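My questions all concern the structure below.
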Amino acid sequence: MANVLTLGEILLRLSTPTGTRLSTAKQLDLNYGGAEANTAISLAIFGHETTFITRLPDHALTIGMMRYLKGLGVNTNNIIKGGKKVGSYFLDVGVGQRASEVIYDRAGSAFSELTESMIDLDTAIDGYDLIHLTGITPALSQSLQGFTLKLMKKANEKNIPISFDFNFRQTLWSKEQARSFFTEAMPYLTHVSLSPWDMTHLLGYDDLSLSNRHEDTLNTCYKRLIADYPNIQTVYATKRLSPSASKNDLTGYFYTNGTLFSSETYTIDPIIDRVGGGDAFASGILHGILSQFEPDKTVTFATQASVLKHYIS
Amino acid sequence: MANVLTLGEILLRLSTPTGTRLSTAKQLDLNYGGAEANTAISLAIFGHETTFITRLPDHALTIGMMRYLKGLGVNTNNIIKGGKKVGSYFLDVGVGQRASEVIYDRAGSAFSELTESMIDLDTAIDGYDLIHLTGITPALSQSLQGFTLKLMKKANEKNIPISFDFNFRQTLWSKEQARSFFTEAMPYLTHVSLSPWDMTHLLGYDDLSLSNRHEDTLNTCYKRLIADYPNIQTVYATKRLSPSASKNDLTGYFYTNGTLFSSETYTIDPIIDRVGGGDAFASGILHGILSQFEPDKTVTFATQASVLKHYIS
Amino acid sequence: MANVLTLGEILLRLSTPTGTRLSTAKQLDLNYGGAEANTAISLAIFGHETTFITRLPDHALTIGMMRYLKGLGVNTNNIIKGGKKVGSYFLDVGVGQRASEVIYDRAGSAFSELTESMIDLDTAIDGYDLIHLTGITPALSQSLQGFTLKLMKKANEKNIPISFDFNFRQTLWSKEQARSFFTEAMPYLTHVSLSPWDMTHLLGYDDLSLSNRHEDTLNTCYKRLIADYPNIQTVYATKRLSPSASKNDLTGYFYTNGTLFSSETYTIDPIIDRVGGGDAFASGILHGILSQFEPDKTVTFATQASVLKHYIS
Amino acid sequence: MANVLTLGEILLRLSTPTGTRLSTAKQLDLNYGGAEANTAISLAIFGHETTFITRLPDHALTIGMMRYLKGLGVNTNNIIKGGKKVGSYFLDVGVGQRASEVIYDRAGSAFSELTESMIDLDTAIDGYDLIHLTGITPALSQSLQGFTLKLMKKANEKNIPISFDFNFRQTLWSKEQARSFFTEAMPYLTHVSLSPWDMTHLLGYDDLSLSNRHEDTLNTCYKRLIADYPNIQTVYATKRLSPSASKNDLTGYFYTNGTLFSSETYTIDPIIDRVGGGDAFASGILHGILSQFEPDKTVTFATQASVLKHYIS
Amino acid sequence: MANVLTLGEILLRLSTPTGTRLSTAKQLDLNYGGAEANTAISLAIFGHETTFITRLPDHALTIGMMRYLKGLGVNTNNIIKGGKKVGSYFLDVGVGQRASEVIYDRAGSAFSELTESMIDLDTAIDGYDLIHLTGITPALSQSLQGFTLKLMKKANEKNIPISFDFNFRQTLWSKEQARSFFTEAMPYLTHVSLSPWDMTHLLGYDDLSLSNRHEDTLNTCYKRLIADYPNIQTVYATKRLSPSASKNDLTGYFYTNGTLFSSETYTIDPIIDRVGGGDAFASGILHGILSQFEPDKTVTFATQASVLKHYIS
Amino acid sequence: MANVLTLGEILLRLSTPTGTRLSTAKQLDLNYGGAEANTAISLAIFGHETTFITRLPDHALTIGMMRYLKGLGVNTNNIIKGGKKVGSYFLDVGVGQRASEVIYDRAGSAFSELTESMIDLDTAIDGYDLIHLTGITPALSQSLQGFTLKLMKKANEKNIPISFDFNFRQTLWSKEQARSFFTEAMPYLTHVSLSPWDMTHLLGYDDLSLSNRHEDTLNTCYKRLIADYPNIQTVYATKRLSPSASKNDLTGYFYTNGTLFSSETYTIDPIIDRVGGGDAFASGILHGILSQFEPDKTVTFATQASVLKHYIS
């Protein structure tokens, strides 16, 4: 099993019980979320030594978050204490044609204020087999953009591969800001979660030729991507058809060594909780890579992990 | 019945069910709080035409707050839409010797960004019989301090009496900042909720002589206060003995025309929800004033209103 | 163990969870109540063969009531099916100085429409050792008054003793109506639950001399009552001090063979559910009578049964 | 935006949590229902000035209902206080092939006792752009039939259009009683919700020719209806296929100016709460009419409003 | 209606609320299960006089079980008191592709220790029209195997037909142990629930020819079974397709007098609670037999009873 | 901070929500208990490196227990996997005069089957500063008695002090069995939780002289104990007055170096959860010892820790 480091923001998640709305709810369900924390947890459950780094204030909500992470086997020893606020989001859980809605409350969170002076990057990343990051972290603040790039460069120096989930969040930054960051980051990455849409809008590939067959599109796009960025070893993504908030069709794709592998298409019905489904897929892919599974076993494992995630909250 | 205006921040309140803790809770109870909103609601229930002004973002949490206020009869037509965040607090409800704890998350709330340019004060306060404010509003931001003073002055010009609850919150500003504001505000107020402690620490009365009999202390202090600020017509306060988070003794005091009136002492057991008890007392006092009750009826009504509030959440 | 018949109305009880109010509750707790049903259940639990007769419509709420009674060992074979409505009440559960409030919805219930033609009284009451009735049944409708008296007379013919709990409900009938019925009923009764207040207001004893010592009053009153109605063998009652909805002091009294027996005074704190406390006391007294306990054992058993009832809902 | 008046009964709704049954439930969910109240609320949410008139007793359940209506923006100033009982219904929520069941408890409700003497119709309906009524109100009592007709006539005198939802409830009155009332009412109506079934059974059209294509049937029927009652401007209805209590197909129809407009067919899955779906459709149609939407936009808006309603409780 | 005896273990069932998992649940739903108890209850609801025999310890969990059985009309007078433990199981309720999981905790239960000396079989089974048993009872302990066979023989002597549901549970005993018992039991049975799989693995029919059409397979298999065991009058079984824990297709089969009857195929969606579905089918079949329904009415009734069971928990 | 090892059984705890009873509850609260696990958790929270050893089966309930322990900072790496059953108990939570009741279900648990061959004691206890055990472990099975003594002897060889909480459970073994074990164990212990009752009944001190002043009794008894067992360094105990299940008075005692130290007496009201109060006290004492607090600080810390524990569940 491998040693994995993830860094990002763990979020307080306050969601409505099914069939109620945020505007009339008298109770909210309290959980924890955040793409990097989700990935840390999944990898720990899959058996890897996983460390999660973030910054959290010194109060009772943090105690709950730490307990949650530790209980699931994630190493929290390097979490930085400081700041005043935990990032949070309110989730109005959708049903059928009524879509879910999210209200984020993250501005000024302890993590968004993280600066290089708070952490000794050299020792922090030493000894890991993989570092997992997402496009959410640089979106949270100017200082986190610099910090993320520095971290990536340090990892490259130490020959630690980086996996990176683009996870573009338009409420956090603009496409232009994102493109500038992502373009600068690409040369440092090894494994990326990325769709043709991301290539067009976030990396500037304006002229991608899309085919009717989704697999053809992916093959063409990813081939070109790797031609441009030969440091990229694998690319992965899911296709999600969402006719309803309660029922989705999900297919997983995994591109490696010039070949695209795809899973079966799974119908998920009824969806209990959609959030985190993408993180579970990414975790499954990374588990396959770290465990040196065959590519088709990897993509099947990852897609099934994502499917199962939708049935628990 | 009277026309009353209150202005302040309505807060989202997320509290633990009794006997659970914030760090382990899986569900939180959602309610709404905030001293001025509480007072607006109580006065509306007592039969007055009450208007509440605040600033709120345009999303589902605001819908819930509006529905709550309107359902209880508060006029919300002048609430300003804008900003991105509702102020909130997490309440870890105490029991017995385990005290309650509060984590506020208000920095950057829509209301704290309120500036004079967003509201036409002249028309906003026109036609009211009373304006109720608290010391929480100026504590929220620099701009709200200026705004509050301007509002007070405008009210004085129009001969509208102001009631003001000191409600000092040390996590929001320092005693020094508060003292500077409160001292400037005193000449504009008519009815104030204020304890000898407030006089010492927030108004600079360093040499108050305290007696063993609490009523003697209050008589001496309030006499002196009114000698200094003859604009003050009434002063009110409660004395709360809190041997336990589940059991308190509460007495109400009301000083007017040079005489102190006090209620019986009520034992409250078991306390269901302590927050808002002071607001209920203030509302009862204002109701007595607006309804021209006899002073002893006023203080009894207000204290009983406060006692009953402790039994509902 | 004895064969006992009780007849009356079983009620649907919809109550607020502690600390919420009827006007804001989003959920209500569903239970079943009614003085005679409560007594039937207690006697069944104490080991007696108990039959409960009422009239209920043919729908799902009745199924729940039947299941409840049968599950606790009450014979429901003679319950009459018919009518359209189950009687119900909404209970706004009080705490501390906030008193409980009840909203009854019983007019037109299936039981209130019960008439003699629906039941063959002769066979219905045959073979029982005791029949238990309360003053609620005649209060429900004109026809139930006639029915109740007829039942009492039939029982007297068959030498079956009747126990009767006055349970005056002023929202159901006036004191005058009640007095007329109760006066007519007295000669047929054997065991009665009755206070000096009841004697004055419901039996016309206008000149009772009350003592400072409650026990002296009871002795005097009950002596006189039995002088007037020598058919009465035992009289019982409780004294309840209710400084708060959450805390009561309860003492039980039992008068038999010219002597008054009383229990200790029990402090009940915190009260979980007060309703049915009187019924549990009555059931305990009847159990003592049917089991030929010594009088002081009877009154202690009954009062403890009542105390324990307050701790469960 | 328009001024709308609706008049009818608001009901207390007590429903089982999904997967439980009325006969075993220990908790019920408390909501408020009633076709006219539902419509008032929807129209208020869509932005119209909406007034709801009913009659309610003076107790805590009424407070909850008023708070609910006011919170959602409905004007309740003209609600009449009186009587003793709120109408209610128990809802055993179905799943899959297990159908929902309803037990009504409305006989003797405060509203069913409403008589003309309690309200000054002339001033009550003055100044509205539309009055919305349903066939449930006349079904509740003899006096409400007379009252409803009088109201309709008064509205005609004042040139206020009436919209009317047939909503035949066979547990409230017979087809014969309904037909007599509906036939008398038809000449006063402007917008009606009415199916071919209603025409046959409630208006005496015994010889309607039904086609295999539902749209053809509707065209023929509605054409004939308007030939007979030229006062009718629009007719609307939904077609609902209910293979299961959890999954329905819904299509909306809207007939105006001699043309039938229909929406897409929406599959609703999983249904959270079916009750009120028809009211949401009616409200959507009225909103389209009042806002002078194009007919196809109207029917689409109304059907989508109805679909979304099924996902919230 | 008939007199039916069932004997077996009633189990405490602790299950997770939908969407939660056993490893994170903070609350579990408490119900009661067990194949024979389920059948006793269904038959009582269908109107038969039903007696359930088991052995239970003398504590509060037993009180709950007794209350449950009695409330649903099952005679519990012959239940044996003794032992220390009630059998229980934890149910992690599945959704979609996440399957349900069960953890049994039955070793050493009061019932598993039942021995012949605790019950007078002769009088215990006297006077019944049918005795229902399952293959779970002999699987629980060595002594229960002997006891079950003795009971079967006694029933044969008294000409009381036995119905028997194979219900093989591999966590309780091996196929070899089961086969030895089942083979010995077959000559004593009248009605059996049994699939071709059971015939192969539990009765030693190694050479069954399976057809593509399930009905053909059943016809062939059951014909042969009855040729070997002419004491068998009816055989019944369901076919369940389980693409998902939330959605199943169910068909019922009933073989009698040399003919196979089958029900429609019902799609069950969404499944609220799958456990007990087979018991409801068996109960429906037995009800049809005892009521002398036509075979196709019997199999339809049984399958619908099973379908409806899936919608309640 | 110190390195502490505790060994014992962690239990699944299923308790009734306040005011409900086990026989009627539809939901149970799921928590984890067990004296040694409670102590491990408290010591981890107080900042010590704490390891908990037990034996648990390989299923979902164990996952929950591991997550719980790890989340709170307890090292679970040495927990032994095996067996089939987790020990559990059902708790009928008392209120007022209605006492709590417990039903244990532990026979045959994975831990009770622990034998020496499953663990290498030498390496297991190496390097700890303290080992904490209780009298519950030897009570669970014959093999655990031998195991516990062996562990004690090994600890003595390695000079690791042992703390031992007598915790006599009469439902697990007889006084005679306990006395034989405890007498053999005494020479190996360093810190013991022990009352005069324990000395009389479990250590054979039949002639203890009890004083009216509880502190005098303790002084005399503990002095004598240490005279007999000079290896004992400290003795501690609480005095608990329980007039009601909802209200207790608690005093802590700590005897060391020939002097008895006692805390204030705390009134605990209302008790949320009494179970584990003694463990919290023991943990507080051990924390004081390990941190070299002054004795009076130690006993105050421990008693307050116990008091606070009563307010959380």
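Lettered A, B, C, D, E and F in written order, each chain numbered from 1.
As a working rule, a contact is a pair of C-beta atoms (placed from the backbone, for glycine too) under 8 Å apart; a residue touches a chain by one contact, two chains touch by 3 or more.
All values derive from a computational prediction rather than experimental measurement.
A.B. asks: Which chains make contact with chain A and with chain C at once?
C.D. replies: Where chain A and chain C share a partner, that partner set is B, D, E, F.
A.B. asks: Between E-F and B-C, which chain pair shares more contacting C-beta pairs?
C.D. replies: E-F
A.B. asks: Mind checking the rotation angle between the two copies, chain D and chain F? C-alpha superposition, nearest 5 degrees is fine.
C.D. replies: When the C-alpha atoms are superposed, chain D turns by 180 degrees onto chain F.
A.B. asks: Among the chains, which one keeps its Cα centre farthest from the Cα centre of chain A?
C.D. replies: The most remote chain is C.
A.B. asks: Starting from the mean Cα coordinates of chain A and chain D, work out the distance between those two points in Å.
C.D. replies: 48
A.B. asks: Rounded to a whole Å, what is the gap between the Cα centroids of chain A and chain F?
C.D. replies: 44
A.B. asks: At which residue positions does chain D touch at least two other chains?
C.D. replies: Residues 21, 26, 67, 270.
A.B. asks: Quick check: in the complex, which residue numbers of chain A touch chain F?
C.D. replies: 67-68, 70-73
A.B. asks: In the complex formed with chain D, which residues of chain A make contact?
C.D. replies: My answer: residues 18-21, 94-98, 244, 246-247, 270.
A.B. asks: Hey, which residues of chain C end up touching chain D in the complex?
C.D. replies: Counting only chain C, the residues touching chain D are 14, 21-31, 59-61, 63-64, 67, 84-85, 88, 90, 92, 101, 103, 105, 107-108.
A.B. asks: How about chain C: which of its residues touch chain F in the complex?
C.D. replies: Of all residues in chain C, those touching chain F are 266, 268-270, 272-273, 304, 307-308, 310-313.
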